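One chain, subunit A, links the two complexes that follow: it is found with subunit B in the first and with subunit C in the second.
Now for the complex of A and B:
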């Protein structure tokens, strides 16, 4: 049922200066064997050295203040970062995404805001600053809406952001909440026209009778301004909550997926979309499975996959039929009878699905594992990685406190050799597919010294707990890393922990 | 690790669940379903997963013969018939519990006591939003009735009581405090209930249908 919703008030952005921690010195690091670890930036290093580049925070109140670049960041650090009252629920980051070059990093939050960070350019004077991200643009993407027919409020939380490849000087991204997808154009303005004939400098109209000479307006430089304008609003096409959006490799279409349907849009057309998947049963009482994530193939514009709450992945070819209810491939791993419990189905529900950059594999995240599937093998994954298997004996408690329904995302690195996903206690995990080594790292404020080297963490599963280990019962389940992103070509990662955005990079000599 | 105030009900051990653990899991799941449908718009994925879990538990309980045998008045019915239809349990608060689940049946699911009646299937399906014009069927009891049962019954029937609450978003904490507190919280709890309940429903069904008709009229004319 399509409804017309009230018009939205959209704001343009302002350029905000950096809000950043002061720098420190690099420290030494040794691999577990005691010798310095090799640096392997090209191939990706699951267990390599990771250092904190910066921790970014854009709380609501701070963004309203005007801040100069030269302000002593230590002072700001003390007064704002430690004052928890500045962190509101609206600031909780709900999605993180690098653009195709890695120059820009976008975050969406629960308050419907999008904040875009830009990578600092390399300069001879400040070599250390390369790799840091500054606030580039902030804008309100979605506002809370009210669905009058159902008497329901539609949350403004940004569920997903996806960048379009850059085709001109402006940047384009899609952002979505539960019901509406928007295409935003982010562009820079560093010149403005001056010398109009009919308007004076303040923009007031001049009386034509007073004009005695004519002049040609010229463009004069001005302070850089970054503007975000909504170019398209794709609304009223989803009855259920949108969980995924994915830009097609043809750059002309994209898809949006909700719990039961997937729609295909053309960027130019906002008042209609094609429904390409519909798993809503005729009788809703028979509903036992929902769509949890969907993504287009990175190269084949006719192919996409979608995952379900039953742990299955379907690959569909849009050339086969208009409505892709019949899949081309069906990926499902047979259940392990020894691990069967009442929670088996819930923990098999896939929370995220991602194609590898090569397009040859897909990666899926369920509650306890990350799996890599080869597109040519449907009956089982080629690789399975345990994220936090020590939770398997705690499933009942996790069901009780609802943590079992947490939806973790997963990401590939640029070369598809390392995969990363989040866990609890602000831990996140990396798995190197080649060396089969893995590492657990923590995004925490205690270790927030800039350029601080991340120490691998370990969870003690029983028996004697070593000094640096943390026991399962001490884990903080309210601190969960659901959203992470990996730079498309370099070893730079962005990790969202509540309202903090951590940027880490591989230590480079 | 657990929210304050909630007792740990299930054991940490993942060994095959004994009947007691299974029962407590079922209770927990039913409570979750009811609570999540008190929200303005429930998370469909979560609801489906919980409903599937409930179904799974019920099936296993049936196979084990854990369901009590039927009494003479229900002779001839197989135990399966008395499985509380999860769709009934999942009934969306918005759709209006129509027909409202018979308390006896819910009680049977919770306490494995023989039911006297099989709940019917929900028209229009529980997952759907109410389509204007579609008959709402039953309608929520008046608040007086709900408050009356609140005072007389214990927390064991929390689920059935919560299912009667109207389609508005309720402050879960307030509700839980008011309901579980039972007689103790007395007027306080009831007041909380009243303060967060849906806009006062007039004479029940007729008022609701009237409202819907009005809304439909507006839509059709625009």
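Now for the complex of A and C:
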């Protein structure tokens, strides 16, 4: 770990194509007739209705074999009728991420596998199939390891996946577990060479005496094969558990953050990284906070933010110094003393931080709320949304069953007008920042018919429970939605519920 | 009163979590343990500061209270961290050997006092404090109804002093706790009640991962008074050994993340914290820093 080198010289973002969403222009909405509906960014979640596109299971060995065949994803899901209520731990999805075009959707699970889904291409024959995602590639990204020196087992669970923007025919993504980041190349192969001189058709070496002619091998088409190869392994740089990775807008560097340190890497160099944030105290007994999430600014390659377990966010500028221990901006909201309890510190710990696509705001998620901060105002958030405030009186039980430590993520939609986050009982919530309306939806197997329309749900906090409401005490805390993703330009969302991946789409009638 | 019970319960749960984190796959999670230690500290603060009448002694009627830790009294209120080790320590050390305990315990106290109470180090003391506290708390809690019978002042102070009284004047911990040594008649009674209290005391279960067979009933029956008979015998006869093994194995177990956490590691304990490998994250945890003087004392003993 190089601590004293000057900051890496980063090319400014002008030299690189900016990935910038055309602000306010969403992709065409999907309507039954196939013709694009009139665009409207304001109909974020209020007027639109959400329908289930498909429900996907992380494929196990069974479906891996059948991946090459042309099988409808739904058939796969229905064919091996495991008891879905019993999910093996390895199948639990631990991260979900769309790529920059939204064509691919990657999931990582606790078993160290990465599964990539690809969007079905629109075809005139099967208009209704557009928007479905099918398995594109599956590979084992990380294996369980054992650190002999420290007698520690290193979990293979994939903590985060981040896509690199596409620069050639292949796709690149970063996946990380607690200790090691890997760069994977996912490429298609649809041709293979035939007609070798020295090898026969099965690949065995031919007896040179039998070779009498010379020919040039030719490329012949073959069935499409998607292969994933690890191109870089960035290891041994983190003492504590990695919680975030973030690709810089210069597309040459990325950062990885653990509980106490953040390292800056160059994609080409795997044997060294720069430490840019270090909050480890000299005396560990004085430890009061840890880093919980970190992200680069979407456009400014010198700027990043990191959140802490104390509910604060720090924005740092790498041009200021090599070691960014001194923040440029410090975002903190004063605590409300009336809400003080034993668990105030736990519920103020930020579990996720995300820049808006515009780069003007950040969104943070703590246990009970989602907050939107303007980068120019450090003393309080501009918006606060209560996700499940009815849990505030149940914090002690949630502490006992460890639910209070759940790390929920939050996402922006493509136009930064709607934010989404998960909750318990397989509920997830969307908040429209413009209309101030919100909706609670459920990712459940009961509504699993394709194109089924999601009905808004409501939690009853007290008093008389109406027919469709669910009371707080009936919530299933083992069914939690921690990971969600929103398509970068369209209203398609991916919601991970334990071992199921639900894909919903907004449909305008 | 409810706050005390609630706080006590939270302390028990927190200690259980810290203990269980040892055997979690993937190593100890720094973030979660930091949060748990913060909760532990808050709960403990509430527990100590809740002015519940009858549970704290206002005065020291007839208590031989040698001021063993004068600095302790001085620093008593803010830290509050210091007292727990003394009662447990004194309970742990049998009367004939006061010497080892004196250097050991003051070490701990000085270490505890020197740290600002606001830091997470407090949680470090909390761990020991919690473990010592909770059994005492359990004792007091169980003994609550007896207050009227025995008569206000002397009762609650009796229990923490029980083991000490049984062993003679080990001395009573100074500080705002104001615990008293018990009238000699009480100890047998105390022991029985304490037995029940032990069972009810969650934290007592935490530190002893099956290090001796005695621990198992306690650990498994956290809330039920199942092993009471057994417990009181243990309390009366093997109490010293139990407490030593609790603290010895618990700390060594927490320092080393091997499930065995047995006696054989006691010797290696001093090097454990010093190793302070980042990988052994629990070594870095503030809650465990002050264990070292304890382990030294235990090993010496």
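The rule is simple: the second predicted complex is superposed on the first by the 439 of 509 C-alpha atoms of A that agree within 3 Å, B and C clash if a C-alpha of one lies under 4 Å from a C-alpha of the other, contacts with A are read in each partner's own complex, and residues count from 1 in each chain.
The criterion applied here is as follows: a contact is a pair of C-beta atoms (placed from the backbone, for glycine too) under 8 Å apart; a residue touches a chain by one contact, two chains touch by 3 or more.
Here the structure is a predicted model, which means the values were calculated and not measured.
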* After the match on subunit A, would you call subunit B and subunit C a fit or a clash? -> clash
* Go through the superposed model and pick first if A:473 touches only subunit B, second if only subunit C, both, or neither. => first
* Have a look at where A:396 lands relative to subunit B and subunit C in the superposition and call it first, second, both or neither. => both
* Does subunit B (first) or subunit C (second) touch A:460, or do both, or does neither? -> neither
* Using the touch definition from the top, say if A:92 reaches subunit B (first), subunit C (second), both or neither. => neither
* To do: For A:149, select first, second, both or neither according to whether it touches subunit B, subunit C, the two together, or no partner.
  => both
* Could you tell me which of 22-30, 94-102, 148-156 or 184-192 in subunit C overlaps subunit B after superposing the two complexes on chain A? => 22-30
* Asked: If you lay the two complexes on top of each other, which residues of subunit A touch subunit B in one and subunit C in the other?
  -> 149-153, 239-241, 259-260, 284-285, 287-290, 292, 309, 342-343, 345-346, 349, 396, 399-400, 402, 405
* Structure fact -> In their shared complex, subunit A is touched by residues of subunit B numbered 1-3, 6, 8-14, 17, 21-22, 25, 28, 32, 40-41, 43-46, 48-49, 51-53, 56-57, 85, 87, 94, 121-122, 124-132, 167-168, 215, 219, 222
* Asked: Any idea which subunit A residues touch subunit B in the complex?
  -> 1, 4, 148-153, 239-241, 259-260, 283-285, 287-290, 292, 309, 341-343, 345-346, 349, 392-397, 399-402, 405, 473, 475, 477
* Asked: Quick one: in the complex, what on subunit C touches subunit A?
  -> 6-7, 10, 13, 17, 25-27, 29-32, 34-35, 38-39, 42-43, 46, 115, 119-121, 124, 257-258, 276-281, 284-286, 289
* Asked: If you look only at subunit A, which of its residues touch subunit C in the complex?
  -> 147, 149-155, 157, 178, 239-241, 243, 259-260, 284-290, 292, 309, 342-343, 345-346, 349, 396, 399-400, 402, 405
